[in-house]
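Structure record follows, encoded as structure tokens.
Lettered A, B and C in written order, each chain numbered from 1.
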Amino acid sequence: MERTAEARPIVEVKGLGKSFGAHKVLAGVDFSMRVGEVVAIIGPSGSGKSTLLRCLNQLEQHDEGSIEICGIQMRADTPIPRKDMNALRRSTGMVFQSFNLFPHMTVLRNISLPQERALGRSRAEADERSRALLDRVGLGSKADQYPARCSGGQQQRIAIARALALDPKIILFDEPTSALDPEIGLEVLAVMQELAEGGMSMIVVTHEMHFAETVSDRVILMADGKILEEGPSSEVMRNPKSPRAQQFLHAVMNR
Amino acid sequence: MTLDGVLLIAGGIYWTLVVTVCAFLLGAALGVPICAMRVSRSRVLNAVSVSLIVLLRSVPPIVWIFLLYFGLGSGFLTINPVPAAIIALGVITAANMAEIYRGALSSIHPGQWDASHALGLPVWSEFFDVMVPQLFRVTLPSATTYLIGLLKDSAIASTIGVAEIAYLANFLSNKQFHASLQIFAFAGALYILISLPLAAVARDADARLRSKVAQ
Amino acid sequence: MSQTLSFWAEYLPKLLSGLVISLEVTGAALAIGIPLGLVAALLVQSKSRSVRWTTLAIVEIGRGAPALILLQFAYFGLPSSGLQLSSMGSAIAALSWTTCAYTSEIIRAGLQAVPRGQNEAAMTLGLSRLDALRFVIVPQGMRVAAPALLGFAILMLQASALCFSIALPELLSRANLIGTTTFRYMEILMLAALLYAAICIPATILVAVIERRLGQHTA
């Protein structure tokens, strides 16, 4: 896991808060990460992990605090200009638990269409890039199939290729293997590990403790909308300090 | 458009309601045997009811009304406009209600039949005490939607001379051509106004029946 | 019986040319009304309250008022405000309005059936809101709505018979005219009914087949 992460922060979150009605999902979340880092966010369900991730790319708007991602400033009290929103969406990629491939398009169109519409690439350019990425995730032969004809693991690898096609500076993974059988999840995790080794900045919300421990540089453990512990992966995973963190890790590691 | 005109057209509400309500009641009753045939095990009865339903739904209501009024009226059997409209719309309603009943029947969990068998309930009690209340609840929303649709369909009774809203609007428009725009706008608004309380009553009844079940 | 058949044979061409007009009106109303219905389905979700309310009003009037009244409003009513439409023009205008109103509800239900994740994926892939609708949401929503839209098209062909009341020489008008000259109402109306049924019955079966096939795919 030797890698030289640059010192420049790619994500800087300060005092982040988010409520759904009266329910406070995130409160006072602070963290930052550097370019090239891989951060795993773990914690019990309902701890606010996914909401945190979705605030980062503004699928949810935060109510408090500020987020800076790839140099784009987003404060809860000021509306985000359209220009910044476009820049945000272009520099962050996202991979969903439920893949969210477009079922009415072929695998190739799934990857090429966003390149054409968001980056203005020509059809030929986009297709060339798409095919190269499909080869990279080991699915070159699936280009002309529809997503429904692919297994869950294949669909998720296609979704990763689709995110990569836009050359994002950071990719957010929202429980990418939770909808998959454990063995199938491994083929997705392998692709993610390769990305991590290639120096991609990644934030991964996950229940895969092995991935969190071995692939990520840093682990953030959340509970009840707050960051409970954070630090180098092996340290947080092996020697949690707070009793709540110990309890959670004890429960998941002994499954 | 004068106040007299407003009152004249509003007077058509009576026949609009008579045609709508009578056709609905006729259809709701006739729908039961058609539905029974549709779900029966006899192939023949099945085929009869399916052909009946498809045929009734595949010919425009206005054509059915004309067939009854002008067709039968041309030397076979003279029917007055009001009964002709009620029978034509009622029979079409029967076909649609049969399908609504059938949808309701299939939505009731088979466990309910099993349970009432297991309880040893007599067949009539099984049907009237267990099934009918449930059927009523499931049927209510789609039946009301249909009733509101029927209210609008009743306007075609004007074409054979039933003095309901659309007929009177036409009558007045012929006399006061310059006011036709307001006349037909008012007539259209009347239908919407009548359907509003119907929809509200249905929503209310539906909510009340639901909350009973929820407790 | 043979009398009836020879009578039918004699007048069938006239009825068929009326049927062509019925189909033209229906086709035009659908071709204009369904795209408008899509627009209305999108506009009722608009953030602007005035846009939302205006759209709702258009839809609710189109659904709430009988098609017969809308037809007469367009044909007899509009001229009194200075807008003179032919019977064909009024028929297309009124039935397009009805189509827009009903299909906007059908299409809205279809759009709502598209999982939220599809829109989220489109957003995170940098598609604009319009692009997300155009390439992702609308194609999927329309697919869901297709059987109901086809079912509605059948009802629309039946509704075209109402154009009889505004002197459009469509199928029912022709049958009625033949009835008044020959006094053989029963036979000519039966032939008209058969012609409607000849189109609507196969179409109904087709809709049922498509519905069943779509049901199998989602199950």
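We take it that a contact is a pair of C-beta atoms (placed from the backbone, for glycine too) under 8 Å apart; a residue touches a chain by one contact, two chains touch by 3 or more.
The shown structure was predicted, so the numbers you read here are calculated from the model rather than taken from an experiment.
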Task: Chain whose average C-alpha position is farthest from subunit A's own - done: B
TODO: Indicate, using Cα centroids, the chain positioned nearest the centre of all protein chains shown.
DONE: C
TODO: Could you tell me the distance, in whole angstrom, between the mean C-alpha positions of subunit A and subunit C?
DONE: 46
Task: Centre distance in Å when subunit A and subunit B are each reduced to the mean of their C-alpha atoms - done: 55
Open item on the list: From the mean C-alpha coordinate of subunit B to that of subunit C, what's the distance rounded to whole Å?
Closed with: 21
TODO: Would you tell me which residues of subunit C are touching subunit B in their complex?
DONE: 60-61, 64-70, 72-73, 76-81, 154, 157-159, 161-162, 164-165, 172, 175-176, 179, 183-186, 189-190, 192-193, 196-197, 200-201, 204
TODO: Using the touch definition up top, name the residues of subunit B that touch subunit C in the complex.
DONE: 54-55, 57-64, 66-67, 70-76, 152-156, 158-159, 166, 169-170, 173, 177-185, 187-189, 191-192, 195
Task: Residues of subunit A that touch subunit C when the two form their complex - done: 57, 59, 86, 89-90, 92-94, 96, 98, 100-104, 113-114, 117-119, 162-163, 166
Open item on the list: Applying the document's contact rule, which stretches of subunit C touch subunit A when the two form their complex?
Closed with: 115, 117-118, 120-128, 131, 135-136, 139-140, 143
